[in-house]
Amino acid sequence: MEKVLEILGLRVYYELPQGTVKAVDGVDLDVFKGEILGIAGESGSGKSTLALTIAGLLRPPAKVISGKVLFRGIDILRLSNDELRSIRGRKIGIIFQDPVTYLNPIYTVGFQVGEVFEAHRGGKILKYLNEVINLFKAVKIGDPERRVYSYPHQLSGGMKQRVLISMAIAEKPELIVADEPTSALDVTIQAEIVELLNEIRKELNTSIVFITHDLALLLEIADRIAVMYAGKLVEVGKTYEIYKDPLHPYTKALISVLRYERKRRPTPIKGSIPSLINPPPGCRFHPRCPYVLPKCSQVDPKLVNVNGRYVSCLLVGGSDGGGS
Amino acid sequence: MTLVRYLVRRVYHSIPTLVGALLFIFILVRVLPGDPARLIAGPEALEEDVQRIREQLGLNKPIHTQFIDYVTAVLKGDFGRSIKFGTPVINEILFRLPYTIILALVAEAIAIAIALPLGIISALRPKSKTSYIASVISLIGASTPVFWIALILIYIFSVSLKLLPSSGADSPRHIILPAITLSLVLMGNLTRITRSSVIEVLSSNHVLTALAKGLKDRIVITRHVLKNALIPIITIMGLQVGNLLGGAVITETVFAWPGIGSLLIDAIFFRDYVLVQGIILFMVLVFIIVNIVVDVIYAYVDPRIRDVLWRMS
Amino acid sequence: MENELILKNLSEARKKQLIAMWEVFKSNRVAYTSLYVLLGLIGLVIVGLFYTPYNPYDFDLSRARQPPSLKHLLGTDELGRDILSRLMVGGRYTIGISFISVLLGSIIGSTLGLISGFFGGRIDTVIQRVVDVALAFPTVLLAIALMVSLGPGILSLIVAISISTFPTYTRLVRGVVLQVVNEDYIAAVKLLGKSSWYIMFRHVLPNVLSPIIVQTTYYLGFSILLASALGFLGLGVPPPIPEWGAMISTGRVYLFSSPHIVVFPGLFIMITALSFNLIGDGLRDALDPKSRMFLRRF
């Protein structure tokens, strides 16, 4: 299959006065053409940092320590500001979590969407009025001819999210990064937005990296799922495989919570996500792992291929992490 | 039109404040030591002359009638007659007002021309030399006595270098030192507010969206940072008119600049309380009006507030 | 009882918060140094209560307007009085008046703000109207008007400056109180059946304490400037009291020949106000961001 994005050994740290936050600490991941890749993780697992890195939007104090992010074979981490700008919004679109604060309150939404065309094609924004109206139709905003003149505060949350989505798809990008695009919305509107993203993927044959803490949502929409824990990927695989037979203890715990939700009280994962400043040694999940072995606190397991899936656990697939 | 309706509503809501201010000024003059009628008549005047003046001024009436008379007169634009000059107070004020307006405008222009770029640059490049200069200016503005700056400037530019005149208003060159002095009063605050306002907008999420669209940095800064940051800056400039008026009183006095600020201090030393009362009232009126105008501009620039306010009116 | 326990933990937490604030403040070099500079100045003024190199009121025209020398460290003024001695004595007026009046302004203003925010209703409306009127006057102008009306003197100055400063406190405290009143633990205290006044002073006031402290620091700097400006305009303390602003006022006639008469009092005013402002900045940075928004610096 055709790779759109290839992440190799990525480490992104935040240098803060309290210490170094290892938000993304050695991530390898591929995104294929036209697929929806879900990245699941609790808040504080580094998934938002990963999203910003892919979109080329990292700002200090975030710092890329090592690794490559190859978009169509070009490492976007090595691009100049101008080169990066021509990719942002044109080749890679991003949809953020909170539609309220991600729109500028003092401009009409039509203007703000038109800016995407202005940025990549030049000329006056008014010239692109028809394109913006068509985009609004595409994302199912009712009465688009009037809505383009609305200010963000005049729209509902779901409507604002549609505006943000229309921005992301304006230039028909090859890759869309959606960082918790539905978490700030009502459940019914969530479903509509998810459906919309799915349609867009089919229509434009765009790849979507869908980041969320909501694994159940990913089971519905994603083709493949990558599970992230404390700055590292613990398991990557096809959605139905992950659901049917989770390999990593963390994934197992997450899935069991979902599976037995109605039948009996699920056993929640004990403990909480570790600090990214001082992560536990060895496997980062070991303090919470029900199957923990003595070597888990010494050996940091690598992500290894097990029958076409990837998992990082000492219990699975004879991975001993090379004894490092 | 909604704008007019909002304006009317805003003015209507400042009426209690205005009446309160009138009452306060009225009381201030009543509690003054001494008898105003005796003051006007002079120490050698006969008791019957003093009595006549008292009746002319309405001082023999009950206090609440006096207040109502005072408010009615003010509403008609009658601020009373100056004790010292015998002319209507409003004429004295209007005669001196252009000087204060010119001084204030030049000072404000200097302050904006320096403070805005300084504040913006220091927000965008927090570790640069400009940022350092900005903090020094903002601290000096908040910590140095105006009259002292004025005297130091006079010493440097008039006494030592003999470059600029130190008092009066005879030529355009006369405005330079007072305007610089007064601008220093405003500059510190304006620099600080500009910087903090720009820093706040810079860290807001919609800037990230603007960057994600692939817009040029320059456009992101001007369109999505500066225009948003301008809104709180406008508010502060309205509040600063208070500092401007207060600063003008001191600056005009040091440089013998013939505006209403120095007129106020002169009036105080002539014990011309009618004039004092008139000038203070005038300045308070200006301050209230400017703040109404600022509110309207504010509502006009920010669509969120525009909607809420104009819908209510 | 559970509620009692919550309350106990709360006051512990607040104590910890103040200590944490102090720790952050101490790590701020500029602010910490300013504190020492200020303490040094205040020390000088305190020494001035018992000892000055010369009698600050003794004039001797034969030694008038001498530039700084070993005999007179900061020179002499137009009447031959030792400037350092005058500054040491004048400080008790300039700084003392500022302290007392800002303290008064903060107590009156904060109490009104507490009442206004806590009780709401008609009393809130009345207090806010009064504050509106006071804020309709530019601060310097209000102080000038009050000084004219009350006549020059130390007491008038204190009254004028406290009236000029109280409205900001009322606004500040009311804002924070409105934020705090809706929080759960206040409801918990109400359940215990304590009186409104008890709740207000015991549980609401501590919340607004840190922003009040920061605002007071700024206002101390500002009121030094205000007091000296009034002194300069001849509306402050009557001569021959060597209030710093008044010293500049009388010395300005000799600006051409003896600038030091004007320069040193000005420097003293500036250093004092600057220290207060830098300390205020340090305290503000140590304060949690939620309460920062109500602060006002000049």
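Chains: A, B and C, in written order; residue numbering restarts at 1 for each.
Please note the rule applied: contacts are C-beta pairs under 8 Å (C-beta built on N, C-alpha and C of every residue); 3 or more make two chains touch, one makes a residue touch a chain.
Note that the coordinates shown come from a computational prediction; the quantities given were computed from them, not determined experimentally.
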item	value
Chain A to chain C, fewest steps along touching chains	2
Which of B-C and A-B has more C-beta contact pairs	B-C
Most distant chain from chain C, judged by the mean position of its C-alpha atoms	A
Chain A-chain B separation of Cα centroids, rounded to whole Å	53
Distance between chain centroids, defined by C-alpha means - chain B, chain C (Å)	23
Chain C to chain B touching residues, read off their complex	129-130, 132-133, 136-141, 144-146, 148-151, 221-222, 225, 228-229, 232-235, 245, 248-249, 252, 255-256, 259, 262-263, 265-266, 269-270, 273-274, 276-278, 297-298
For the chain B and chain C complex, residues of the former touching the latter	16-18, 20-21, 24-25, 28-29, 31-33, 139, 142-148, 151-152, 154-155, 159, 189, 192, 241-243, 245-247, 249-250, 253-254, 264-265, 268-269, 273, 276, 280, 283-284, 287-288
In the complex, chain A residues that touch chain B	55, 57, 81, 85-90, 93-94, 96, 98, 101-107, 112, 115-116, 118-120, 151, 153-154, 164, 167-168
Residue numbers on chain B that touch chain A, as the complex places them	204-206, 208-217, 219, 223-224, 227-228, 231, 301-304, 307
